[in-house]
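The first chain written gets the first letter, and so on, giving A, B, C and D; residue counts start at 1 in each chain.
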């Protein structure tokens, strides 16, 4: 760890921000086309974020501010761990469990800040978000557990490299199709896209955790959202789609997966929170357990 | 020295105003009529998102307070509350004739006939009801106003707060944050 | 040098004197118990022949380690308990002197018929004492059942005499050992039942509930510790040393003892009145000790017996005093009773913990030893029963202790304001007695050698079990 | 030499604390602090004397690395909690006895961890049990003490049976030698293992023995809950360690059926551990009382510790040993934070509180850091240990344990967040407007614990070094470290780097925040209310049934508590039956039974 790592980290953060935010903008356009609208400019997302940052804001006390800073900081730190294709800011730190748990710092920070506003909608939203997390994370972790056992490595880039050795058929999504499906469903949950977006439901709980945010707080949360999307989609790209030997490969895979999920999201209604939990525990979890069982006890797809 | 500093701020403000103009999030305060005009404006026919506009869930997140329809003493109080919860810079758009002059309810004892006595309205959309075309047209105007830095209602409200507050108290006949169930 | 017959004769003499000099009978009682306790310390081991006839034809007293331990416990506790509750004597002084004589005789005698006589004397005093609660019906029940027991005992004795022609214990044990034990089931069983009534073995102990539950602070500890100890010593003498039991009978009776333990503990668990809890606990302990004697583990049985006697003396004194002064011994109504009586409370707690067998107290030492002993006799089921009994016993004891120390309903912090308002008084004489007994329990737990050395050889009359299994407290291995 | 003095001094200290309390209650409370801090100092200084042996009365001791480690954890928790004692002196029913029992139980744990023979072990085990049994009822529940005692004694009596069995077989009670003959006899070894480990299971609160934890931890005096949850529960881990490492279970069960390399006997226990994790998590999520909630979290964390210990490998075992420390201090810190709240407000019910951060920010911070560690989020200690455990599980491929571990891990976000949101954040109630901040004496231990939690999350080298020694002593490969990097076979973790990058991210975030316009401060009641006016903060606070939709999914769950309660009730009924059958006031009944027995035994004897 030296200054160069931090400089790389900063660059990586910038790149991730530009990439993901552009992609979000493009996706807004895509969705608009899907709905037969013209849609906003492809850089609309940048405008939104900068506008929010430029505005005045209100605060409900130090924990309201601190939580937002902690959330964005935690998520940014996580993003630094993520290999951007072959590029890594800090080598040897892309352990999947580290990422999974550092990610939680951001979640906790945001939850804390939201509850710190004293608005019950925020707390309801947080309670839903955390419940959602309990639902989608376990099938996902289960599949990841199987992968780690299969390849004896918990490094994202290591797992990606192993997949690339086998060419297209080496991709985990093809080797372990059940696990791949589980991961995609879980990713949908992680991203908070439909049908698993009940925690921000704007019409019933006034956008949940976000209810009290405006101005720079809101802008930072938008940044946070972009980064966490980047982290989560990158996880799947690395774990199941062979990562990227080049930056371009990575970006293309990333964009395809992200757009695909967005399209899926836009044709689905919304689960209630208990329905989401039941769904995740009935279908993806069962699939994940079967997949892990196949990997661990039968060695299916491993060698 | 001071002018210089003012200029620098102005450049910064200009950039900010560009962003603000092209990303307008709205909080709709729909009192009864007018709400039905918003979905067509939002969906594929007129697609307000292409201007970077969209509805928002809470006043904290919103830039524009869109007030549709007439206001009574009861609702005015809540509109003011919502407005004060919004973050600067914020804009108010009065939608429909009722916000202008009370519309067909102009002679009701309970109707607030002039919205701009109580809140700094940046833009009125006349009509009963205004059609989506009119709404889109006015949004276009609003964007231009913001971009040019002409939508200064929020500053006006700050500077003339005394006056607004006096009007509010006069019409509401009570401390404005008090609710009738708690007096 | 002192003839142990004095231990029997002196109290009897004093009892007659006390009838004549009624005014001084309490003083005579104190004098008698003190004298007896003093005498015990001067005794020498050996066989003492009464009346000049050599055994097996004459009557003799046997003062071995077993008997010595017995009279030490009986006279010592008798003294402490009497001194603690002098105000409760109410004219029982003469009876108590007779009881002391009877109990000493029970433990000392070397003759089965002589033992029957002492048994009757002791039982009669017990009937009289049990009427102190004014519940004459229960005393009468006791009388009926006690008589039944004595009758069965006598019947068994007759059979034995008819077969072997002797009632001297040492002689009889030799002769009986030569005969196939399975042929002696009936007389052994009759004698067992006869003693079991007094020892409180299930199902011959129907009287206990009525008699013990109404006892006061004098009679309670006397029954639960002194009488119980005396009867158990006799039981141990006969079944571990005199009458050889066949495998079948031994197993059946051990099972009966184990069942008594479980039944007693379980019944205590379902009770809420303090004296009822304690009486069922006594039944359980008796079952345990009897089972140990029947298994031939004399030494550990005596240890447990001592522990039980010491603990129960404290427990019944406090419980009796509670009932005497507040009119109830319902645990619920005596919440926080120890708040104002901390020393007595600590004594009660120590006694209870020792009874459960928790470390730092003598009960732990005895429980360890008895478990090791049972394991060494390759019995793997009895420890399970005993440990289960310990869990249950611990549960109700802790439940009781918690209630007596910390008043208050569930869900609110315990406070002094919730303590019982009933006027509990505990005289300083009782407190002192409790302190003495608790200190003995503590010393026994921390420096077990002190008590241990006095007990070491008490299993040696027939010495079928050398105490080799003993958990060597100095080495730990 | 030092250790025997510590053990004896702690017992004497207990008595002197009692005597001092008679003179002045506060002084007595401070005495507990002084003595426990003294013990901590001696332990830390006496590390070089590990391996020394000594005897007190008839009890024998030997200081092993693991004993030293466990006692260090225990004394630390006791010492930190003891700072709080003085504040409850006037509220406690028996303050003097409390101080006495507090130190007495600490002394007991020291003796337990240093015991070199099984009887000494058992003696101190029971000493701790009964001394803590009498502290618990001074709190809110009398029943808790009874349940605690009963469950504990079920475990300890089973263990005692195991000790006896071992002694019968091997003829020795020395811990290191007693189990040796069992290696040749897997069947007996299984029996001994299962009954010996029972005490450990009851104490850690492994399903189905967990029922005492929420009761006792939840209603014990506020100053004793941290000790119960942070400290005494760890005694169970010690027994579990003994039964696996000293037995040694893996050698003894070499021939038995194995699942993923784990003998069936151990696998079964691991499943119990996994059930505890899931159950503890689910129950913690629905608790309405902050202390009960943390108590259930102790059940879940006990499951982790048990699974790790049973693995006896390089990673999970190290993780488990470290988790033991992390959980001890984090759970103590969380309980202490709740204790501060209870001290100021008089309640621990989540729905009666709110907005405490505005009155006691340091307490909030303590709780925050504690729960971050409990939930296993970096950069706190809990993360390192959970990471190790999960990496170890992944290495072995124990998928069902891992499933439980993930569930417990994610689930812990849910339950730890609940008091955070509802007690410390949210609306401040009007009646709590004028609460004072936490007193200085309470701040000291909270700050120390916070620093420790953070320190061992960032620089766990020292701690893992000791754990490595324990592993070497237990005959397994020690956890590998190079610099600040933990090297696992299937992944590496550099905690310092994680911390630095986290700090970096935080810094950037802070810069962004500071660059933008300053915010306007508004009150808690000035929030989005759909433009409705609100006046009652207590109604505008989301606290009760926090995860209602999720709780509804398992509200009709089967309850082992009811089952055990039914068993207890059956014993009760049996007592009544016995009473009715045999103890009648009619002598005829006794005569009847006498004749039955007489006839039965005589006939039986004649038959034979």
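Here, a contact is a pair of C-beta atoms (placed from the backbone, for glycine too) under 8 Å apart; a residue touches a chain by one contact, two chains touch by 3 or more.
Everything numeric in this text was worked out from a predicted model, so none of it was measured.
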| item | value |
| --- | --- |
| Per-chain CA centroid nearest to the all-protein CA mean | D |
| Chain pair with more C-beta contacts, A-D versus B-D | A-D |
| Computed distance of Cα centres, chain D from chain B, in Å | 58 |
| Approximate Å spacing (C-alpha centroids) for the pair chain A, chain C | 75 |
| Separation of mean Cα positions, chain B and chain A [Å, integer] | 36 |
| Multi-partner residues of chain C (each touching 2 or more other chains) | none |
| Multi-chain contact sites of chain A, meaning residues that touch two or more partners | 54-58, 206, 211-212, 215 |
| Of all residues in chain D, the ones touching two or more other chains | 526, 528 |
| Touching pairs among all chains present in the structure | A-B, A-D, B-D, C-D |
| List of chain B residues in touch with chain A within their complex | 16, 19-20, 22-23, 43-44, 47, 49-52, 56-58, 60-63, 85-89 |
| In the complex with chain C, residue positions of chain D that touch it | 57-60, 91, 93-94, 117, 119-120, 122-124, 126-127, 129-130, 133-134, 137-143, 145-146, 149-150, 153-154, 157-158, 160-161, 164-165, 167-168, 172-174, 219, 221, 571-576, 578-579, 581-587, 589-591, 593-594, 596-598, 601-602, 604-606, 608 |
| Chain A to chain B touching residues, read off their complex | 28, 32, 35-41, 44, 47-48, 50-52, 54-58, 202-203, 206-207, 210-215, 218 |
| Contact footprint of chain D on chain B as seen in their complex | 29, 58-60, 77-79, 81-82, 85, 177-179, 182 |
| Of all residues in chain C, those that touch chain D in their complex | 137-138, 141, 144-145, 148, 152, 182, 185-186, 189-190, 193, 202-210, 246, 248-249, 252, 256, 263, 266-271, 339, 349, 353, 358-360, 364, 368, 371-372, 375-376, 380, 383-384, 387-388, 390-392, 394-395, 398-399, 401-403, 405-406, 408, 410-416, 446-448, 471, 473-477 |
